[in-house]
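The data blocks that follow each hold one structure.
You will see two complexes here that share subunit A, one where it goes with subunit B and one where it goes with subunit C.
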Partner chain A sequence: MHTVLTRGNAILAYSLSVLACLTFACFLSTVFLDYRTNAKLNSVKVLVKNVADYSASREKHDLGFITFDLHTDLTSLFNWNVKELFLYLTAEYQTENNELNQVVLWDKILLRGENAVLDFKNMNTKYYFWDDGNGLKGHKNVTLTLSWNIIPNAGLLPRIFAIGEHSFKFPDSYTVTPV
Partner chain B sequence: MGVIDQLNMDSLFGEVQRMDKRQFLYQVLSFGMIVSSALMIWKGLMVVTGSESPIVVVLSGSMEPAFHRGDLLFLTNYRDEPVRVGEIVVFKVEGRDIPIVHRVIKLHEKNNGTLKFLTKGDNNSVDDRGLYAPGQLWLTKNDIVGRAQGVLPYVGMITIYMNEYPNFKDAIIMSMLSKVQFRISLKFAYLRRYLFDKACL
Partner chain C sequence: MFNIQTHMDFQGQAKAEKLSRFIITLFGIVGFIWGAVIQQFFQTFIILCAGFSLATLVTVPPWPIYRRKPLNWQKPKPESGDDSKKKKK
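== the complex of A and B ==
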């Protein structure tokens, strides 16, 4: 009855069930935590051009250029069940064409253990700010928000908005000189 | 003990031959129970989550370090829940068999609710337009298989191994079969020993 195989089988089955219980306990211990915190955002340079989008339709679309300041301390968000924060800066606005436009301008992967105090000045965006048409020139209210997607070791994947957003206007005329 | 049975095929089939009709029927039924309950759980999850495949295994490293190969993702796909930027969606592209797990980075929604969005893998340097069907610039709601709601690491490695090594798959199925077999043969072994002891006393 008690061969090496039966014992090995029993140990394997038992350790697997213990691991499963521990993983579930780890998930339970962090599922109700509040992951909101403050972030200070500011736009510095704001320009808009009207150029052909060769990556997509080849039609002339509005292309926004902005640089931004960001100050936030995300140290408090990390715990044993936060493997990574995926930070992303979203520009949200309304145009005649579309009721809702959301464009991610910049993102950053922040792993646990890395420096989570972020202080950027006059930072360039990572992605192009193409509009789906010509709705950016003279736009009065574009909202910048910072959000993060929490990537746990095991558990849910919540998306959280930072407290504090920033709204800015685009200029009323296109910039024609190269930026 | 299940492993021994599976290694020693002669004894396994010998045991099948020694069983009477009722025992054999019981074997078939209990194996059928395992298969049908697995199917029921899967179909039930489809109803509850609204997604055609509620659990998927990550196969590529395009979302690292968030998801690695072999991670299990739990999906939902409720029609009335809006898609928003930053969300991780699983989508199908025409001409590709395997669905892709990537993040929404750009989204335009019209007054009438029509939606188009662009995705990108966290670990890729460019957006997914090169992965879409030729000429396709945007994804729409119909392309979505599900949105990622939860993650469980490593567990999906089993299915990856099963697909890569068919022998491993056979071994698992055999051990499942012999587990059913083993439970029954164990019961009878106990009974036999019990009766034998009684007889000796």
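== the complex of A and C ==
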């Protein structure tokens, strides 16, 4: 502390240590919060086609087309340690080949400060609903769930499942006309 | 004419260190509470930066209050007859 430079250095180093402590305290203040909330999902249009999957084996695979309704209020999830939410809609189902299939159909980035009351009607999916075989036609129990990834200032990146899911059936026959 | 002092004495250094730690810690705590109240961590950061600036202003320049207890050095003794020895070295 005997020269201007050493004092400046000591102050800067101490400030950064304090900032690290405060960041950790901020993390501690939010780590035990419950980030689950309700989401209402519904499927509107449900079709299944049998088309060649050129991105994989070129064989004919089942391709689902759905549109969905989503209503949820995520305002309560935001606090000083949440910068954004990454929402994603997953379809889960079981086939003969696989115990558990999970297909992400849609996602959305929701920044803090944006309107967090989501009310979508008849939304199209963003990604293809490919099955890796012919498991979708006539499937009786496909479950849609909404989940989110919390992107914090500091801390963990938890994956949270919304409370509330929706199950639907695929029709028993392929749609042949273009959608 | 100008007698600008640039040093701090030992107790001034101790005082400067304590004061800077106190200011930064205080601003950090206040900033944390304020940030928690309005749920903006950025405000916590800004308040900590204000504390850093204040501490820099108050304790980095060698202000006169850090120079109140100078060491009483012995007066240099007049050297007589030793000049020849020094020159040899």
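Note that the second predicted complex is superposed on the first by the 178 of 179 C-alpha atoms of A that agree within 3 Å, B and C clash if a C-alpha of one lies under 4 Å from a C-alpha of the other, contacts with A are read in each partner's own complex, and residues count from 1 in each chain.
As a working rule, a contact is a pair of C-beta atoms (placed from the backbone, for glycine too) under 8 Å apart; a residue touches a chain by one contact, two chains touch by 3 or more.
It should be emphasised that the depicted structure is a prediction, and the values quoted were computed from it without experimental measurement.
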| item | value |
| --- | --- |
| Contacts of A:Phe86 with subunit B and subunit C, given as first, second, both or neither | first |
| Partner chain(s) touched by A:Gly155 [first = subunit B, second = subunit C, both, neither] | first |
| More subunit A residues in contact - subunit B or subunit C | B |
| Which superposed partner A:Val103 touches (first subunit B, second subunit C, both, neither) | first |
| Partner chain(s) touched by A:Asp132 [first = subunit B, second = subunit C, both, neither] | first |
| First (subunit B), second (subunit C), both or neither touched by A:Val4 | second |
| Partner chain(s) touched by A:Ser55 [first = subunit B, second = subunit C, both, neither] | first |
| Partner chain in contact with A:Val44 - subunit B first, subunit C second, else both or neither | neither |
| Subunit A residues contacted in one complex by subunit B, in the other by subunit C | 23, 153 |
| Residues on subunit A engaged by subunit B in the complex (per definition of touch) | 3, 5-6, 9, 23, 55-57, 83-84, 86, 88, 90, 97-104, 107, 109, 111, 127, 130, 132, 147, 149, 151-157, 159 |
| For the subunit C and subunit A complex, residues of the former touching the latter | 6-8, 13-14, 16-17, 20-21, 24-25, 28, 31-32, 35-36, 39-41, 44-45, 48, 51-52, 55-56, 59-62 |
| Contact set on subunit A toward subunit C in their complex | 1-2, 4, 7-8, 10-12, 14-15, 18-19, 21-23, 25-26, 29, 79-81, 153 |
| Subunit B - residues contacting subunit A, complex | 1-4, 65-67, 84-88, 103, 105-111, 116, 122, 129, 137, 148-153 |
